[in-house]
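See below for the structure under consideration.
Letters A, B, C and D mark the chains in the order given here, with residues in each chain numbered from 1 onward.
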C-alpha cells in the first residue's frame, strides 16, 4: 500500500547526500519548512546548493543551516530580507556563493525542471546585467533571454494538509513556491500540519497531486521564524531533539 | 520471418495484459494507453497499490462504473467512463503533461505498429499519403515515462513482423521502448537487440527469431511464461 | 464594479472578428463549450483558426462550425475522434488546413502563450516527422526541439462555477484545457453551469483566477455532444434562437 | 539641474499616492510594489473596483487587518499582513508570474533609483562592488505589466536627478516605464523624452526641467495638479 508518511522529521530527511541541490519552499518566513530544515541540520548533509526565494532570517531555519556551514551556494531572488546577518557575513567573507535570479524566472526555471522542459525564453532580464552572456532571441520584435531549468535532488516543502498518497493542500499565501518545488525534485519531502487518509481531500481541491510527493512528516504546530526569533532561538545542531526549537 | 498465415499461437490478449500486470511494482504511477493496455488494470495483483494516470487530467482512478452510475464528464484518455477512488486528483493538461514529460510516470503502456531493435517506436501513422494524421499524447509518453512498455501482437494481421531492424513508418519516439509484451514473448529492448526474457508456452526462441525482423538474443534467465488461462 | 457576466451567449461572443485565432476547450466531448460554439456560428465570424484537442464530432459544436465553412485551419493533437466525418470531408477536399501537435506540446504551447514565455525546448517529437525543420538543442545528452507559444485572440471555455469577478472552478475531467486556454487569449469567454457572487468560491479552491477571464455567460444545463447527436441534432446557423439545440 | 539642498517642494508622499490612485481605471488588475506604492490603495476613489495582485500568490486583497486579527501567513510581497476580500484567489509562484509576464496585470507601481528618457528603469542595485545584490520580482514586473508606473521623489536625497538621459546604475528593465508620479509632476515617458502632463502646485516646467537630467517637454494639455492636503 502506498504510504508516504514517515515516522518523524529525522526519518523523512534520512539519506540526503552531501553536495545535493535542495529546493526549500517559502517566501519570507511564510511557507518555510523550518522544522524540516532543522532536521536537515541534524541529519548532517553538507556542501549543499540551496534554492529559496530569500537567504534566511535571524539564526533559525535556512539561516541556521547557513550558519552551520552546510551551504556552498544559494540561488535566490532576494537575499536581503528581515535580519539576513548570517548570509551577509558569509557572503562578505567569500564563504558562500550567490546566484541572483529574478523571482519569476526562478519560479519558471523550477517549473520547467519539473515539467521536462529543457529551456525557455523570457523577456525578463533583457538589457540588464543578469542577461550577460546568455543567449537571446527575438519574438515579435522584443528580445528574450534563454534560461535553463532547475532540477533538484530534494525539495523541502511545507503544506497544510497531506493525505497518505501525497496529495497536498496549502494555506493562503504559504502556497507560494510549494507546488512547483514538489514537481522539480527527485525526492520531495513535505511537512504537513494536518494528515488525513486517502480521500480526505476533495479531488477537485488537491493542489499538489501525490505523484510529486515522496515523503511526509507531520508537524502539527509549525513555528514561523519570527516566533522562534521572538523566543530567542538560535538553532544549532541537535536542538530539535532537545526540544528547544520545537 | 514468414508471410504464411497461421493459427494464432502463444498468449491471448488477456494473457498478455495479465503478464504485464504481474510486473508492475507496488506503488507505481502508471499511464495506460488506449486499447489493449486498458486491460492491464483488470489483472493487477491484489497486493499492489498502483495509481493510474490519464493524460486528460486525472491521477488515481478505478474501473468503469456500472451502467447506471456513469458520469459522462469523468473519462480516461480513451474517452471511456471511469470512477474516482480514495486519493483521486484532477489537474489541467499542462500539469498532466508536466507529469509525463517531467519523468514522474513510472510506467506507460502503449500499442505499437513497429518497434525497432534500438527502441524506436512507430505507432501513430502509416505515412500513407491519404491518411489523416493524429498523434494525441503518444509522443509525450514515449519520451517522458521512466519505463515505456509496448503490448502488441508479435506480427501484423498479414503476418509481417512488428519488431524490426529499423522502423519504416514515421516515428513516435526515438530509442524509447524498454520492454515488449507480445503474444509470443516478453522482450527487453537493450540498445541494439531484442532480448527475449520469457517465452509463451509452446513457443521457441527460434520461432520468435523467425517472426522478428531484427537482432534477437536470449536473456540470461530465459524461461517459459506461467500464466493462467484467460 | 467588476461584473463579467453577460446577458446571454450572443452577448458574450459579440465582436469576434473574422480571421481570429480561437482556443476552444475540451477533450473529446468533455469540457467542450458547445453552446458558446453554437453562439459563435450564429455570430458569423469566419476565416477562423481553431485550436482544440480534436476536430469535432457529428454535426454539433466544433464540427458544426467546420460544416458552416467558418474554419480556415485547425490546430489539434488528434482529429480522428468519434464520428469526425465533417472534418474528414473538408480535409480530403483540401478545404481545411490541419496542423497536428502532440497533446502535451499543444498544452505547453498554450501555457507558454499565456505566461509570456517566448519559446521552449521539449524532447517530445525528437526524431519524428513533427520535428522536421525545427531548431534543436542538446540537454544532458538528449535532443530537444524548440516550440513557439500559442497566443490567441479568443478562448471559449466551459467551466462549472464562475463568480462575478471571473474566478472559476471546473468539473472532474472537464477541467482539461480550460485553465491554460483562459490564460492564453486576449479575450476569454466562458460558459458556466453555476454563477455565484464574488466570494462564493473558497479562495483556496479557485482553479482559474478572475484575471484570466473577460466574459461569462450562464448555461445552466449544458448538453454534451453525444446527447445532442442522440437527439438527431445537426446544428445550423440560427438553431439556437429557435431553441432547437438548447 | 542643481545640487543645492532645498526645502521639500511639491507634493507630499501621500499626495503622490493620491494622484496615482485617481488615474487607476475601474476594473483594473493592479500590482503594488513595496514601499511608497503600497500607499496608493489607501487613496483609491470609492467608485473604482480594483483587484490588487501580489506576486507571492494572491489576487484580490484588502488592507492591513486590525492588530488582533493578523494572519501571519497571509502577506503581500512587502511581507506585510493583508486581508481576504470577496473574490480573493490563491495560486503558486509560477502562475503568479505567468500573470505578470503574460501581460495580464494592467498596472504595476514601482519605486525607482533612476529612470531614463527612453523608459529604462534602474531600481535594484547601485552596482557598488560591496553591495549585496537582490532583485525580487521587479524585473518580471518591468517587462510584464501592461503599464509600468513609477512613484518617486524627483531627485535623490542629495538633490541629484533621478530622471536622467541614460541610467548609470544597472538596469531593471529596458524601455519599460510608461509614467512617473514625482513630487513635482506627472510625467509620461514617450520614446525619448519626459513629457510633463501636470505640475504640482507652485512648481514650474522650468523647475522640473532644471531638476531633470534628460529631455523634457510639455504635454499638449499641461495643467496644474488639483490635490487635497494629505
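Everything that follows uses one rule, which is that a residue touches a chain if its C-beta (ideal position, glycine included) is under 8 Å from a C-beta of that chain, and two chains touch if they have at least 3 such contacts.
Quick caveat: nothing in here was measured; it's all calculated off a predicted structure.
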| item | value |
| --- | --- |
| Least hop count linking chain B to chain D through chains in contact | 2 |
| Pair sharing more residue contacts (C-beta pairs) when A-B is set against B-C | B-C |
| Farthest chain (mean CA position) relative to chain D | B |
| Euclidean distance of C-alpha centroids - chain A vs chain B, Å | 37 |
| Between chain A and chain D, centroid-to-centroid distance (C-alpha), Å | 30 |
| Residues within chain B bordering two or more other chains | 90-91, 94, 97, 100-101, 143-144 |
| For chain C, residues that touch 2 or more chains besides their own | 108, 111, 115-117, 122-123, 170, 172, 203-204 |
| Sites on chain B touched by chain C in the complex | 54-58, 71-75, 79, 90-94, 96-97, 100-101, 120, 127, 130, 132-140, 143-144, 170-174 |
| Residues of chain D that touch chain C when the two form their complex | 26-27, 29, 49, 51, 53, 59-60, 84-91, 94-95, 97-105, 143-144 |
| Chain B-touching residues of chain A, taken from the complex the two chains share | 1-2, 111, 113-117, 163-165, 167, 183-184, 197-199, 201, 203-204, 206, 209-212 |
| Residues of chain A touching chain C in the complex | 108, 112, 115-123, 137, 139, 142, 144, 148, 169-170, 172, 203-205 |
| Touching residues on chain C, where the partner in the complex is chain B | 27-31, 76-82, 87-88, 91-92, 98, 100, 102-108, 110-111, 122-130, 170-180, 207, 224, 226 |
